[in-house]
Structures are given as structure tokens and as C-alpha cells.
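The structure that follows is given in the form of C-alpha cells.
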């Protein structure tokens, strides 16, 4: 049979790679116990007929990996599963990595319980965080916990599968990817995040709303992405060659500008409610469109979460995630696996909207894929420092990823972004040397740390005490002048 | 009918644009009288069934445009011409540009006779040039002639079709594209050149030769391109994920290293003979593979064309283009049009290997195209200056071109490239202010100008006298200290 | 008489310029009505025997200039006044500038009353400012007021004395000097500030305290200065070749670290009380010594002035300047002039500690002077942007000022400094185009603006209303989206 | 006795350091056998009454050090020797360095005989070098020889006197200083050269000639120096505040422009003849004044030494130094020592015009000194790379050297300078890794290497063979692809 893909000879970008099937691919999956990524991957692989192989699952909690194994193989047994994949849970990470072609990182280690501290302690000092996994005092301490874990992962990849493509989904995204490259500079790693997809969907929705057409696919929305993960910006946006900025202006005027929410009015909403008020406020102030959810954006600047009372942040149409949710959500996540396998629920293949399989597909030489990703800067954002991890578009081709140039950030958005970039670079440097005082400099310079120095030092000490077990082997806590 | 393209929904890069036909496109073609580009475009458009429209042809020599009109319409009358295009020659440029969606620039104005001076006068001073259209004393004077012409073109585009996509094929490529952007910063212009295609073909040939497979299409050869037009370099090259550097080493050892040519032994060869000796010598010395023909590469450094006698350059397997050829080739070019139309020759559609139609196709939203092009640097070569025109890969998508990051040039290749970049930037600055003394600084700093200052000044004066009619309205020749 | 200076032939730096007297110098003095600078200049010039000439005084309030004229000439009448100077107050600025050799800028125009708003309105929103003249919401609005005034001054200098040396003492220093250069790039302007002198004096005090010696002159303390005005940093400090860092550590441990103040305990102290707690806290956190008073330093970061109650800032050993003081201090300043002239007080020449006369002396070719100053960056701080105004050491020689290289700021101090530098550059850009929305971006990104976006917009609007008369001719207030 | 220096309290620059005498200084002198630097130092120290101590002399040839010892002590015995110094020659370098306060490097090791090859071999290939010690094929090979020697010296300084001030006089200056810092980054090293003094003297001469005054001291000529050693440039020059550029124009027109020399006409002149024709030609072409002798300047560009016959370079008023001179001049140098000691000649103290003692004086805290020197770039030339060694003005103060900012080089002078800077950086990298192929890249990119690649490779191989004994322990000659 002649491959259909093989016929596309009329362009350089999606040229035939002469293949219709690649067999025996090994995917090493690290983590995936608590989150939906594994669930999605299983769904997507089962619908992909051009690649076959095995997925070897490792999770800090073996039972979680085992559950994914059972679910994966159960899905493969369905008649409409066109892909051919075998899932195996293993008890040691080395086995999962050994000889892998692709490594997927979706791991939260140490356990989510720590995250409760990282939300609750700052809240005591009046610093509210809507997510707490990227920046802010919580994100900073999470970075301190994560760097040693990711150094270890990078070392294991270098040992067991140095040529593998590594796709990271874990937060804090920038810190994770940056650590991988700092520890093992020749690694082939990218960080993937779907926040920008939601922005594309929002823009597609505006097209459907304000133009005489059905809502297009978000993939039809061309955007120029630049910034850092969860704080990306779009300065060019078009649909079929039409500049979409006028639609933003219309929407801002008709639906957004006069809207606000009473504190308490969102108490019954999902924790993840998003009314785009933060997005459009930043757009109106800075003239460039933010491309992440409001709950993420709000954490990068001091103007939305600053409030006398936690509920006040609801005026921006968002809620804070309570720490109990972080602790308990693993339980919740499991239900979606058990239902179908127990026969209590129907399972139907779905369009996941995620791109992991598309990425693997592109890297195997089937079809080029342009999407946004996180990689060390080699010019893609021209006014951010070399090697800092940035998020922009990139092109995945046959065994190759090339970021696209996105130009520079405008001066005052750059002013905010670069504060975070320098903090992230400082945390990496501190994490590799174990220098807690240096990490505290980044902690202080986080825009959410608007409290007095006395309080900032006290808060930091409380946090260090709370997560000490995860730091003490890697950080020089005893000789830090800030720690008492 | 449902468009086939519309079905490709599984990737971000080649997503459906929902179209199967775009009608009424206007292409304004400036120049094209003397070279093969128009011939190729006519062939390629006639084979493209997804776009229709008109091509309006303007050439300094109206009869040349008229000839292209006749040939274009004659080709369209063929039964197997699936595209629907109409060709019209016009006597004024404004008509060709007015409202154009695309502008193609392939123009040599003033006439090719000038080029004879730019080859012959330097030769009198012992400076031989294999092409003479890009750098060297000839390329520098050609740049001086070209800048005013291209300022004028940029102004006309701003006036008549400010949103058009402008695709330049004229040399000196860097100077032409840089002038367009300097004069009209919002222009949508790219410069295209097929030199890198030949390098991809060479690499494809090595695959066919040293691997157990047929020679693949050059489009299957993935290359990371960086540098300036006619002096581009490739530091990553692969075919189906296989690094091709080992093939270079094999070929160098088996076929190239011990090869050389006696002066005079190529006298019967084509002027365009290329034995890759310069390419591989530079590769061996600098560790990165040059991606242009030897005749171009040799002009950027002093080590190949330096000879007591002009024939000595044949030792590198190349020939010098005699100036008579430059003067006469327009005649030769015409024969390929007349034969078929007179019924003396068969005309068959051919695979041109050129990408102009693919580029138009991509910009209209059909299918993304990754290829190399020349554009102002916004990060694609991270150690060359912002705004200098560089050549790298780029991605053409729906009404959008985004250069890909290529990283930095290695130090000593950068040392050579940046000398030329600074010269080109100086020529632009000099050309916009008319400062001949400043242009002479760039002239002196060209690596081929290895003669004494006394001779360099004399040679420059002879050149200025020879091309004076094309300079005197734009350059301040009378107040230059170097001109006497 | 042979000049003593004429004998110093043994070094390049302080070489004789063969002069013992320069006569007929004209100093144009703009402002000086309300502050002590004129008083000091009069004292210092009267003690300088190597230069003579006239000082032409212009002040927005003519009577103030007249008072300086009377006082200056009264001082010159003293028998022990060795210099020969004549003071003349004039009613138009052009007369003061025309043909001046030196121009001194020490002007606060519009009147100090405006400053009350710039302190009081932010305080209503919980933003306390210890000085309010450099950064913070008050400093930002003051910058908005100042830019048009300084554009006008720069234009007048270009017209009346384009070659004059211009010495600025007005705040916001960075904005003033930056505006002068932006409006008139060829201006010979420097900005002078004595904050660093106080740091040198502090270091000299430590030498006297911890070393077996008398306290040396602050001029003996060698420091490497880098940063921006009122937020400068010292990374090298020595006295007679001895590195002084160990003394800082001793002093920190013995006197500073355990010290703090009860809110209210400083109520009877001077508004200018400074206990170096902010200085040493920043030093301990960032490892580099700040070289400005605590009241200035505290305004550049959010960690000292953040408090529920204004009195709480006293914990850091500083007080807030009440706005009434700003309004009234002009009156206070006058008393020191009147007392002596009325015969109610003795007047004795004093060592002012200021360097204005030393600077003039050096620029006239007498003796080189190394001191700190504010000038556009041309490499002196290698990781701050070109052209931004920075404060470092510089060398004044015969008609020439050359900044000294100071190296780069450490990453996390740079993180704070560059936020302010970008804000200052944005304010200049906004001020030259009248773009209020752009100015508001800088306002938001000031580290003291830690309040909610809603409050930040309200506060900005109150401020705009309060100082509207000084802005409305220069800023496009009516079309700004942030202004309602 | 109260020190006179102690009275200068009125400026920051030349402030009293409270000293009138510093005793027991140890100067370690490495080299000095063959050149005049030791002779000068002995003369200058004997006339300096503020410092006393010992000079410990080490030279590869012990007898040379011994001769300096004898001469130094003989001079000290003179009645008019006001300084108090003791000279001791030692047989091992460690003894000379141990505990030294100052180290002077003036050493040519391996022996001068090697230099003959570095002149003669290139000459065979038609590449003439007027000096051959800085750039060009000769300077490049000399750099290859020097790097290992200077790594060794830097290591010894780190071991024996890590805090010493190191003053280098050896060529190639840039390579020597750069190697010291690369090997031992905390070294306190500066490179001193008097070429710029000669330019100041030339400018002083113009003042005497064209202005109604006696020729001033060169120290009165204020110049802004920027570039690299032996290829420095001056863009600001003044005397008592008067811009001297008009004098250059006058002199160019009246004395220089119409001048040239017949080949052979300088045969009887000194090898060091300098008629400033190269200087003024470069000035006229590039608009900025070169500040080095013509014999040095000519080697940095291809336009002066390019000639069919070696004598032709005399047209520029210079001569080539024959290699025999290099071999024999050591003998000549000795005569000036022996004459006085044998009583055959009078010895009188002289004004040496050199600044080594002034530098020591300044670093000991007596009096600041502004002069030109070579140090790693930390901003002093803003468009040259960080850490490359550049030559600019600097200020020597109490135990401290601070380079002055000089701004940027104009584009086309920068184009030439940066070619050399990149070559020098490449040679350092190659020298530290022993990579001969990398060194050959720099060799090829030297502007004097205008010959064919075939000849360039042959010439390089001849040179490698000639100096092999000095390279083979440090360079990987056997695995270099260019070496056969």
C-alpha cells in the first residue's frame, strides 16, 4: 500500500517522509499518576494508526502506574482502537527510561500535600495565589523543591536514553525545562502547555460571534506567541489573513469593560472559573494580548490578587484554589478511570485537543507541526536572555524542533517578564549550588511579595520549615543568613 | 466539492484553511525580461489548480515584458494547463503594481552592460571575480547602483500596493531586501534564492551514493541554514533523522581531498562548472558546511580567487565568468521562449524545482511551507545584528512569514560573515545619504580588496567613472575626497 | 607669580595646565530660590582664588533670585573673600543663559505645593513615600511634570549657550538629565548628587571607629559606584588599599543587626533621621552595599514602606516627610540668608563638602577631579542599556568628562534597578509624545504600586486632576484610556 | 616633615593619601635582559624619593639579569640618586615573584631567533611585515608560542604573589594580558605601551607648529583612546580645551597629502623611520585618527604592505625590519649599560618619558594617574566584546585601576578591529586547548593572509616546523588536519 502521506510532494514543509507506519516505539512515562495527561495519551494513541509500540509507566506511587497500565490495555482491547500499543507499569524508573524513544514527564514529586503549605502560609501573610504552581511565594518554593528532582531526572535520561525526545508537562514548566538543560545541555527536551490553545479558542469564538461564519477550529487561528509559560503574549493574530485585533476591541467594549463581580458571587462556581477580565485589563493597559488563563496571569503582577480579604479577588471573575482541593484532587482524578473499566460508564474515544501524539507523529517524520512550546532562548524572543526558557511557536519536523522567531516584547511587558526570567535564572543558579540566601533574593523580587521585609523573612522561614524534608538534602539550609 | 486540503485536521501546521480555490489574484511582475524566472513562473502557475488570476508584467524593456505576455498566454492555451491565468504586459510600473496581491522583483536595471565594467576593471588590478554580483569590488559597485533603484521600487510599492507580498529574486539579494525595508519598514518582503536547494541536492546525492537507497528528494533533506545570501552555512543536516555529517567525511576522503585541477583544464567547461572543492575546503577548515555554489563562496574570502593569472583559479574547479557572457546572455535567454511558440520545439511542463508558486500557495493559506529565505534579522541568527538581512529557514503560513531560529554562527565563520554584514549596512547608510567616501570604506574592507591603497583608490575611481551615469543623481560624487 | 599647580608635571592626571587664574567666567544659575545650593555656591566661590567672573541668577520667583544676588554680593564684600565674583539677578532666563560658560540647574518648577499632592494622594491609598521626588507614584507624576520643563530648558541652552557645561542638581535627577540629552543630544550636561558622599563618610566613620586612626576624610575612601541616582551601589571600597568589607561585617554584627525601632519612637526626630537599617538590610540580603540614604533606598523596593499605618515605617529607623514640610520649607530656607545680612548672626566661611566649584575648577583645566555623577550610559554600567542615565564615578579633566567603567550590577540588584530604568525610559518616551497611557504603564510597574488595579487607576486619576495645570499643555490627557 | 602631597585636600582625584614615603616595596622583574625597559626603570626609580625597596631580577639568561643588577646598584651609588633601591639577580623565577608587590613582565621567551622565521617565511610567500610581533602571520605564530609561556607565568604569580600588581610590557600585548586573565582571572594585571604617547607628542608638535606657543608637553594633550594595542584610535583630542582636529586638517593639506617616497629612497634610514603617511591615509579614509606608529598600523590592514617587491613598501615612508636585526639587537642593547659602568661614557639621569614609576606611585596612593593601558573590556569600548583585551584610558588610584569609558568605534574601523579581536580570542581558546586547526582559522582570517589557500597552508606548515620546539609540548600538532 502506498502511504497517503507519501503523496504530499508539493511543499517543503509537509513533504512525504516515505512512511506509512513506524513500529516498536518505546515511550517512557514518568509520573502520570495523579493527573489527566496519561488518560489523554491513552485515548489519543489508540486512535493513531501510524505508530505502534509500548508505553512503560513509572510513578512514584506504583499503584498509580499500575492503574494506568490496566486502563491503557483495557482501552487497547476495544474494537475501535486502531493503534497497537502495550502498556506496562514498572517499579523502577530506569526500566521505564532505558532505550526510550520518547520520555513524557508529568510528575509531581514530592507529593501534592506540600502544595497546601505553599498556598496557606503566604495567605496568612495576606498573599493570595490563584494557582500557586508557577511564580509567587508558592511557585518559588515549589521551584526550590523541583530543581533537585529534575536534576535527578535529567541525569537518568543522560544515562538511559540520551537521544530520547523528552516532553515535559510538569509545572513549574520554565524551571523544569531549564533544569533539564542546565543539568544535561545536550538533552532533546521541550515543554508543552495548552494555555495558549485556550486563547486560540477564545479568538475562534470571537470569530464565530462577530463574523458571519461558524466558529472555526482553534488551529485556524494564527498567533505569534512570545513570553514565558503562563505569561505568554500575542501581538499578531489572524484568521484566514484577517487581523483579529478589531474583534478584541469590539468584544472589550461590548462585553468586558463594564463587567465586574461582587466578592462572594462566585462562591458556587468552579475553582477554575475564568471571565477574561484580567486578560482584557492587561490587554487594555499594555496593548498586547495575554495568552493564558486569568488565574495564571493574575499571579505574575501585584494588581489582581492584592486584597484585604481573599474573597475580594472575585471582583476579577476568578476564584482562589483552596489548598484542600490540591490535596484531594488525586482521588477525584481516579474516578474517570474506574467507571468505564467497571462497566459503570460508557467510554467513547474523544478529541482530546492535546498534541502529544501529534508531536510524536511529527518527530517521527510524518507531518510537520507548528505549535507553541517552551525551550531555551536562542533568539526566538530577541530581548530576553540567551538560554532562559521562553515560550513561542516552534516547528516540529523529522527528528527536529526549531523555534520560530517571535520578535521582542514591548518595553513594559518586557519589564514584568524579565523580572520573572531573572528570578527563574537565579533560582536555577541557587538550586545548583544550594544557596538559600540567593534563592531568597528571587523570592523577595517576586512581584507578589509586596509585604514588609520582616514579614517576608518570617514567611520564608515558615515555608522552609514546612517543606524542609524535600529541601534539606539539596539546599544548604543551615548556613543561610535568612534562615533562623 | 469538498477540498482535500480541508480534511487535514490532525496537525497545527498544515491545518485546513477551508479553501479549495482562490480566485482573482493579481501578481505584479517587475523585470523578468532577461532571466529565466518568468519562464519558470509561467510553467509553474499553469500547473497549479488552486489559484487563478492575472500576471501584469513590467520590464524596463517593454518588448521583453511583451514576450513574456505572449509566452504566458500561449502556455495557458495548452490543454494540460490546469491553472487559469492571464498575462498582460504594461508600459508603466504603476499599472503593474496597483492593487497587486503579490509583487515579484526580478530586475536588473541599469542594463547588464554595466556588469562588464564591474568584472573587467577589478581584473586589471589583479582582482578576479567568479560572479561579481554580490560582494567584491564588482558587487560593491553594483550595490551602489542598485540602492537608488530599489528605494524607488519600495516607494512605488508603498504607494500602489502597500499590503502586497513582495518576493525578490534580484542580486545583490541582501542589498535589495535591505533597501526595501530601509525605505519602507512596513513592507512585506522576502528574498528568495535557490543556492541552498543545490546543497540539499548534493546531500541527497550523497545519501543515494553511500546509503542503500535511491537518491531522495532534496526536500527530504532537513538542514539548519544560517548566514547571508550566497554565503550560507549548514550546521545540522539530516535525512529521516540520520545525521549526514559522516557522509560528508566519507565523501571528503574518498572523492574530494586529493582532487585538484590544472589551470586551463576547464577551458572547455561551462562557466558554471562547480566541483565542490571550495565548499569542502571551507568545510574542512571551519567545520561547518557552506551552502552555496563554489563560484559564490570563493568571492567572500581572499583565498581562492587570489592568483597571478586568471586561469589559476581553475585549480579550485571553477571558472571565471567572462564579461562578454554577461552582456550577451540576454540573447541566449530568449531562445527558449521562441522555439516552442514558433513550433520549432516541443514544450512540456516540467518540475521547475523553484518555489515561487509554493510560496504564493502557502501565503494564501493552503499549505504551510518551510524554506530558506532572506529577511531582516529579528533573532534568527543570534550573533548577527538586528535588522541586517540574513538567510535562514522560515515558515510561510496563511498571510504570514516567520523566520526560524538558527542559533549562532561559529566564531571564525562569524568573523568573515560579519565583515560583509557591516559592509552591507555601511553601503545602505552610504546609499541613503549619498556619501561616496563612506561607501569606499566598505569597498576597502571587502576581503577581495587585497591590493595597495594606491591601487584601490585608482580602481575605485575607474569604476566610478564607468558607471557614473547610474550614480550621479543619487550619490554625491563631486564632494567625495576619494574621487578625483 | 608662578602657579603652584604649574609644578605638578610628574603625572598625566593632574598635570599643570599652565594656568594660575581664569577670569571672566559666566555662570548662569537657573533656580536656586528655595534650596541651599546657591548658598553653598556663594560660600565656595568666595574661597576660590583661581577663577573670577559673574553669576547671573534667574528664578521663577524673581525675588528669590534677587535675595541670592544680595547675599552673594554681600559675601563678596567680606575681607576674607579671596575670589572675585559679581552676582546679578535677572528677570528673564535667556539673559542668564546667554553666552554662559557654566549653567547650574537647581530649579523646582512648578511650585513645591504640587509635591503635597504627590505625597498625600498615594498615602490615601496606603502607599507611603519617605521622600517622593524620585520614584514611586509621587516621583512618577513629578517626572511627568518635569519632562516638559526640562525640554524647554534644554532648548534654551541649545539656543543661548550650546557649548556650556550644564550641571544639574534638580530631582528627579535621572529624568532631568535624560530629558536634557533627549532634547539636545550634543549638550554637555552632568547630574550631581551628594548621596554617595554620605556613604563615603559613613565608611570613613567605620575606619575611625574600628581602626586605630582618626576618622579619615571621605575623599580618602575609594569606592566603585554603580546604579541610578538615589539607588547606587558599591561593590569595591577601600581606604589606603585596605578592603573595607570586613568593617561592614563587624558593624552589622555589633551595631545594626539587632536594632529596630518602635513605631512612634521617632516622632520627635528630624524628618531626615537615618539609622542605616535599610542600607544594611539590603546589604545583608543582596551582598552589595547601597550608597544612598535610607529614605531614598526605601522607595525603590516594596519591603520597607509597606505598612498598615504610616508610623510603622519607623521600625526601619526612618520617618516620612509630611507634605506640609514640603510646602513650608522654602520659608525656612530663607532664614539662613537673612540672619547674617541683618547682622543678627555671624557668617563664617565653611567647608561645604559640595563639589560644584571643584567641578568648574577641573573643567577649566586646573586639576582633575574624580567623583560620582549621572550621565547617559556609554558602557560605565555594562548591563544597563545604552543611553539610560546612570550614576558612576567619572573623571573631570580639562573641558572633558569621562565616566569610569564600573562593571555590571549583580543579577538581583540589576533586576530591581532595571525595572526603574525601563520605567524612566518609558516616561521619557511618553513625555516626548504626550502619551498618558504609556506613562501609566510605568506608573503601574513602579515597585511601590502594590495595590489593586482598580485602586491604581483611581489614584492615578486623582493625581492627574491635582496636577492637571502643569500637564495639560504637554500631555494628551483627553484621549488617554486610563483617564476618565 | 609634612608631605607636600598631604596638602592637596581640595579634590577627590589627587587627594592626599597622608603619606610621604613608602618603604620596603618589592618589585619582581621577569625578563628585561634584552630590552631597554630595565635600563629605564633603574633611571626612573633612582629619581623617585617617595618609594624605596628592592628589585629582584629574573631573566631566562641569568647573565642578563646579573648585568641589570650590577647596573642598578651602580646607579644607586651615584650621589644624585635620591631613591633608595637594591637590585638582586636571582636564578629562579619563584624567588623573584615570592611576596612581590609589583611584577614587571618584559620577557621574550623563547629566544628572539624565532622571530627571524616569523618574518622570513611569510616574506617568501610575499607577505611582508614591518614589525611582525603583534598580528600578521608572524604575530599569530608568536601568539601561539607566547600563550603557554604566559599561562605558566600567570600560574606562578597566583602561587607566589597573588595580590601583586602585574605590569606587562611584552608583545603581543593583547595576547599576553588576555592569557594572564584567562589563566588567573583574579590577577591584577595591566598592559602598558607607549605608542599612544608618540601620538600625543605628534599632536603637541602640531600645536607648537601651528599655534603661537611653544610645543606643550604631550601630557597636556587630552585624547580619548579606543581600540586594541598597536591599533588604537583617537576620536577626541584637545589642548587646553581646544579641539585639535582642525590642526590635523591643516597638517594633512600642507605636509602630508602630496608626499610619497620612492622605493629605495629610505635604504639609509633607520628601520624605525615613520613619516605618518599611513596614519594620515587611515585618518583621511576613516575619519578617526590612528594612535600608533605607521609600522604597527600597516600590519593590521592589507593595503600598505601588499607589494610585489619588499622595497615598494617604502612608498609609505616606512621600512621593513630585517630579521637579522631582531637576532642581533640584544648585543646592541648591552652597550648602553657597559659604557657608563666602564667609565667610557658619562651617565646622566634623564627624563625617560616612561610611566612605570608613575604607575607604581599612583597604585601606592600618592597621586592619581590617568593614562592609556590594556585591560579586559568591561564596558570601556562599548561595541567590543566583554573580556577581550582593549586599550583605552584608565585611572590609577590607590591600589586600584579603573578603565574610562571611551564609547564605541565607528562601524568600519570596528569592522577591522573586531576581525583582530575575534582572531585573538580564537587564539586564546586554541592555545588553552592545544587546537592547531582552530589557530589556523585565526591565521587565515588575518588581513595580511591574502594569498591562496594552498600557499597559506604551506606557509603555516613551514612556520610550524620552524618553531616546533616551542609549541610541541603545548599544542596538539600531530592531530591537526592542517599540519602534514
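We call the chains A, B, C and D, going by the order they appear; numbering starts again at 1 in every chain.
FYI, a contact is a pair of C-beta atoms (placed from the backbone, for glycine too) under 8 Å apart; a residue touches a chain by one contact, two chains touch by 3 or more.
Source: prediction; values computed, not measured.
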item	value
Reference chain A; chain at largest CA-centroid distance	D
Centroid distance [mean C-alpha coordinates] between chain B and chain A, Å	42
Separation of mean Cα positions, chain D and chain B [Å, integer]	47
Whole-Å gap between the CA centroids of chain A and chain D	57
Junction residues of chain D - those touching two or more other chains	none
Every chain pair in contact, whichever chains are involved	A-B, A-C, B-D, C-D
In the complex with chain D, residue positions of chain C that touch it	8-15, 17-18, 216-217, 219-220, 222, 224, 236, 238, 240-241, 355, 358, 361-362, 365, 367-371, 378-382, 386, 393, 395, 397-400, 402-408
In the complex with chain C, residue positions of chain A that touch it	281, 284-286, 302-304, 306-307, 312, 315, 411-412, 414-416, 418-419, 422-423, 425-426, 429, 437-438, 440-442, 444-445, 449-454, 456, 481-482
